[in-house]
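Below is one structure. I have some questions about it.
In order of appearance the chains are A, B, C, D and E, and numbering begins at 1 in each one.
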Amino acid sequence: MVVGKVVGSVVATRKNEGLLGSKFMIVQPLSNMEAKGRIVAVDNVGAGIGEIVLVATGSAARIGCDMANAPVDAAIVGIVDNSIGLMED
Amino acid sequence: MVVGKVVGSVVATRKNEGLLGSKFMIVQPLSNMEAKGRIVAVDNVGAGIGEIVLVATGSAARIGCDMANAPVDAAIVGIVDNSIGLMED
Amino acid sequence: MVVGKVVGSVVATRKNEGLLGSKFMIVQPLSNMEAKGRIVAVDNVGAGIGEIVLVATGSAARIGCDMANAPVDAAIVGIVDNSIGLMED
Amino acid sequence: MVVGKVVGSVVATRKNEGLLGSKFMIVQPLSNMEAKGRIVAVDNVGAGIGEIVLVATGSAARIGCDMANAPVDAAIVGIVDNSIGLMED
Amino acid sequence: MVVGKVVGSVVATRKNEGLLGSKFMIVQPLSNMEAKGRIVAVDNVGAGIGEIVLVATGSAARIGCDMANAPVDAAIVGIVDNSIGLMED
């Protein structure tokens, strides 16, 4: 998984029907993460802009968030409220 | 998912039969996205050149777009018509 | 998917039995693609060296090419014979 | 798989219910690994901070660690206690 | 798939039970491959240090090597004994 900050959101009126009702958030991974650039993730936990979140990618996003048949490859699955060593070198 | 701009298309007359009838669009991810280079994605929503779209990758593209048995690893699944913070730092 | 040029091939006499009969081609993605380096892909369409091809990666390669139980993570699934905007900036 | 060092951990009180009871460790891949930045992985073997571990990513993390329906895309699946050539050029 | 050289191995006494009996080899991809850094792959073909091998990644490694329920995301599935254009520009 990736830890990042929610920095925005995207709206797509015309979309695949499996995506109806989903909220698409833009997540900027923390700078020392493997993922370097922004990811668009479906919100599974009610995250808001500015929050630090945990993002699952790949089939885990679909299957772990009860969207097994939707074209979703990333989901916010937790809101980080504590950490050890997250930003240290 | 990735947000990018449709910049072209590709035609392959000789192809896997699971791809018959599919349109292959070339998508250039926005510059701050995790994906940096172009992706060839099957069009699932009627996207045109110049539009800003949402692309799902991996098994989500096949399974979420009713092409579970086709060799497809990326699909355009939405057309972006509004956003917050998409291009800001 | 990725568009690239077939630049060679690889032979492995000792291999997993699910790979018997497969041809392994070396594909160099075009320079503006997300994939930057060479990929070894099973040939599903009769591609030859020098041809510009469409490569599917991940589970799509296995499942979309009737090799669901083979250790294959990339396959050539089309030969590109026309394109719009493929090499433009 | 990736070999890395456990450098921290993350707590998310509000999270997907499939993640209840999971421990999220931050793993820094060794410098010559394909993965360059930090990965958040569920701990499957009782790893502690400072240990050198083996991390599996993608569907292998969910399915191989009895969490097939959880939104998990990386798991610590071994603690490295010996190696040949791990850090040599 | 990726072509690389076996440069070492890793031992993990404490590990997920699905990995019991597996040998973990360290593979350095050839310099022009898409994968740039080292990958830890389960050996499926009896590869030795110094050999040039074919590595499958993702679900293909598990499913194609009769380890569908093991946390394995990369496997050596062939030993390369001949090639055309492998190292040329």
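One rule holds for everything that comes next: contacts are C-beta pairs under 8 Å (C-beta built on N, C-alpha and C of every residue); 3 or more make two chains touch, one makes a residue touch a chain.
On a predicted model such as this, the values are computed, not experimentally measured, just so you know.
Each step here moves to a touching chain, and the least such steps from subunit A to subunit C number 2.
One finds 30 Å separating the Cα centroids of subunit C and subunit D. Averaged C-alpha coordinates give centres for subunit B and subunit C that are 19 Å from one another.
Among the residues of subunit C, those touching two or more other chains are numbered 35-36, 58-59, 61. Each chain touches its two ring neighbours, and walking from subunit B in the direction of subunit C yields B, C, E, D, A. On subunit C, the positions that touch subunit B within their shared complex are 1-3, 30, 32-36, 44-46, 54, 56-61, 63-65, 75, 77-86, 88. Those residues of subunit B that touch subunit C in the shared complex are 7-16, 18-19, 24, 26, 28-29, 35-41, 49, 58-59, 61-62, 68-74.
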